[in-house]
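Everything on this sheet refers to the single structure shown next.
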């Protein structure tokens, strides 16, 4: 497997600093803000996973559970979408974009887009060479001006024509696209014969934060395809892809199969989704993660020497800290990335506790105080 | 998701025929012989999955559990192999072959090889165009004569040069390669500067049947890369790739990431493996599946009108049946494929019970008797 | 460059045997039947090439000459086709097929198709993994029965769905598809939502032999895309691609550019075409090549011990000869292939002379007589 | 073919302005500064092309002429390089880079590199997804600081590792890399296990300008692979690729074949090269083009309102002109690009005459004077 040195910020082997919380800290305690994927599986998903393990079921998505989940997603999104499940976010984004673009066409994205900065060229690989045309992000977001510039940058055959645009909701910088921003970008894209893709690895956090209907910030705002994140929500594995324009997903089953993204025992990928969608569990967990991020942001904002890079609108907090403070925090065992968003990034999840947030805030304060 | 009609043999929506077994039959009872992937997760794997859900863990395979499983696999195979986990068998085979071949080179395989007949062009996709050179299988196996012919078929630049050979162990026809057959094929391949890949989707069944050390039919016999099946063994998702020649796997972490095959919450893919490897659980389950297949084969062989196509050496039974009998069996609710191996294919798994085998055998007999 | 050993049949370094013809034989005399591409550039094409070298011209196909040639091709084919020029036949076939298929779809072809046997995996490469589904050829041709079998072979997502069929006219075995055969195959293909591609590397020979209008055996018979061979006709480099269904070629300019197939000084690729199309020069040369093949066939048919494998309908003659005779012919300096079409292949071109044909026939007779 | 609107700067259909030169201007007179590929074939190349048209020759590069040209190139470069010919520059760069990189690795280039800005994603296509990591150019050149930053930007598996660097000599901005600059960049690349690729579309202009041995600014300075431009030098079609590290080119013949880059009548691609290399013809023509560029630069520099963006070191002149002047020049019929290098680009070729340079300079002056 990838050797530890292969990670940008080596994660601490041992867990140093004493815990403030009563009782022993959970395993990997200090890793919890490194990403929302260091958390485990939420109880509801785990129970559904276990319950799915009864008897025999048709494979490759032909089981009843999978069909039920697809129908449920169509209800939640109020749309007769073509729904597919793939294994992870990189695959979801890349296969979906490949369904929108030919190899000689391009995808417009922000220069902070995960597809551009953290997928090791997967979009280029799955599409057979589609180029990503980057636009400087503003608060982590694409702007209509930037999108328009990228589209009109060139019009000759020596430069790939933009065929799709991808938005990340919530963004890699912890911000949110308002419904109007999405429809504004979609209008520009559609006017140029382009399709709109949304990287929704943290879509649940966006819905929970905006308090809108999922449809409002997707197809009603002009999104053609949504990659809906499951793992960061609390699932063990598996993302959903919703083609609101069914035509775009017509042959996607074959594409997913060829791309090594069709699970044989699909019920174990799909069933946990059902539990998340029941009674808004997915939004409750996402809302909790968002709340933890706000709690952390408030405490950090009050610390002299710390500066919030952006107002936290979802489950991530980006803070500008002196190098010395960063070093002390790491020495205290805390794991976090600094190469994303230009500061120290602290992510909250369904599993984050107020105590842990307060502990981290306390240690940040201590690290700053040590001057 | 793929619509039901998308499967070659439509699986029965409802489950007809009354069960012979006492008590209600488990869900999907009649689907159990359709494939070894209609079974669920074995108890040991499920327990390990749940136990892995404690606290927080480093993502992308940097967690301790994953490192432990990799070490354990190295022990089981008595080799310092580079170990990686991917999501399914198609991805395992295709990314591994892509690591052995350039797009302008070729892979030799039998004309019944899963990579050629059931992966929707995935090997060609992941390699960027490597051609599969097929050789007629004998009892589901490649022969040295066939391999040699394929290698020497052409030597000009208008035809791709063979760079790898792939063997399936156990084969798609339920047969096994003896150690000597593997080393014989490997000798031919290596003599031509080729690498040897093994599709081990059912490798456990082979080891259990041959009663040999895993090393004996892999690296000791000349296999360079093994794709070790987990799902058919009883896992929910996830296959292992072992590069016995570490050099071949040097950069594989990047390839897997780009190919959308790197799990963020890797512990849930890897931990269940540990339970399987503890105390030979994987081989006990595989041995049970093999035993069930033998039980079925014996009973079927005794039926007038039924003919075993090949001696069952692993967990699959291939029977030649009259069309009318096939129709009656399906009417009775049984699901099975007929386009693989030229007859009716019945697969057994860790979850198959003697009662179910007897029930199926009884129904086959009845279907035949009905003339 | 490819080392000589890299060719299947090593071509003789020196040119042995004395010439029967008066005067010194032209350079490479004994190579002339090895392929129709060992011939040079016909006088008309060479003159046009030189005449194109006046002053300055817009590059990348924006020059007037290129536009004129495209219009002329539209006239010759009586169709408002989208026309493009690429550098060679492998590129023409592969980029055209890639325009018809997605990576997870398949192309049906005969097992003797050049795209399958002599392009080193180019179709798989340019399409990103499309599989070629082969069908046994009958007299070098696809049959509707074979095409139907390939299409209906499988209908599940584990097997690529056939999206295109490719016919070679004239075939790799020197035979021809009659208009009715083409429309019959096209009807089957279109009925299954497939597109029809024609590999016309030797299309001119077919038209000259059938004496029909180019349209009769292309779009009027259901062909959607034709790759029209220029090199074998007598050009130095460059093939034309005609999309009779303009929609299929809508974005092809970008595909060709990305595929490294857009000539900057396009006028030198396109202008010679104009000379070929003037006054039917292309058909006159093709007719001559066909006549030479018939002359050779008649003489060979009369030789005891030689057997024509197929009736020569275009410019190739395929003869079954004893190994000893083949060896003697090679010793006499003659170069020819034996791994295509199962016998000795002798190709005629615009440059083949009756004397050379008679000389070869004489040497074949002598080789056979030597017993 | 690509419709005229498909070019960034529509080229004037008609040729306006009266010629200053005596006699009628050559065809396309006003297109001559648009690019060095609007010129035709130089006399020496045309003669060689015609002389190559004698008798029959082995195809696919097995002819004697091709082997002779390869040997001659080895002499000129004083290196036992593996030499191949492909059809155009996009193909040369892309196939060469694909030979250096796997799909999950990256290529470092300047943000003005032709491979990044003008090849429609060809490098990504041929490599199957390799990402181009751009670095801001300084005077059109990569700097060791920029290269180092790109290499060390990230070291985790979510970002492709840099495996090659590409330099353009002479650059897209008409500047030159000094020998020391190349060896400095190569030292950094090699220290990181990377290979050095040179895009030599205008390599001849660089050698002519620097007056050095071709080896001095290639393998002696650490270049591993050179794509040597033929078309801009005065050939009709065809570029050479020299692998100074033979190992890197070991299998390239197969790659070129699969990529649709192997000419059947290779002699017509290779023979003209021989004429260019005889007696330094290639450098004489390149030197003339450079001289014309200097002549133009001197005259333009003297014009009030015009500003040279960079000192012209090869055959291109980049001038900053007011929009109004640009419009007047175009109205006068002159074709030139403005989206390359941030100003008006005027390219000179082997065919550019002093009179034409003076005519253009005069019209630029007039356009500026008109205020």
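Order of writing sets the chain letters: A, B, C and D. Residues in each chain are counted from 1.
Here is the rule we go by: a residue touches a chain if its C-beta (ideal position, glycine included) is under 8 Å from a C-beta of that chain, and two chains touch if they have at least 3 such contacts.
The UniProt protein names, listed by chain, are A, B, C, D = L-threonine aldolase.
These figures come from a predicted structure and were not determined experimentally.
The minimum number of touch steps linking chain A (L-threonine aldolase) to chain D (L-threonine aldolase) comes to 1. The chain with its C-alpha centre at the largest distance from the centre of chain B (L-threonine aldolase) is D. Two chain pairs, B-C and A-B, are weighed by contacting C-beta pairs, with A-B ahead. Averaged Cα coordinates give chain B (L-threonine aldolase) a centre that lies 51 Å from the centre of chain D (L-threonine aldolase).
Mean C-alpha positions place chain B (L-threonine aldolase) and chain C (L-threonine aldolase) at a centre distance of 42 Å. We define each chain's centre as the mean of its Cα atoms; on that basis chain A (L-threonine aldolase) and chain B (L-threonine aldolase) are separated by 33 Å.
For chain A (L-threonine aldolase), residues touching at least two other chains, in rising order: 2, 6-7, 60, 103-104, 119-122, 125-126, 128-129, 157-158, 160, 253-254, 257-258, 262. For chain B (L-threonine aldolase) in complex with chain C (L-threonine aldolase), the touching residues are 2, 5-8, 103-104, 106, 117-122, 124-126, 128-131, 154-160, 339.
Partner chain B (L-threonine aldolase) is touched in their complex by these residues of chain A (L-threonine aldolase): 1-4, 6-7, 11, 25-29, 31-32, 34-35, 37-41, 46, 49-50, 52-63, 66-67, 70, 83-92, 94-95, 119-122, 125-126, 231, 236-237, 253-254, 257-266, 268-269, 335, 351.
Interface residues of chain B (L-threonine aldolase) facing chain D (L-threonine aldolase) in the complex, by the touch rule stated above, are 60, 102-105, 128-129, 157-158, 160-161, 251, 253-255, 257-258, 262.
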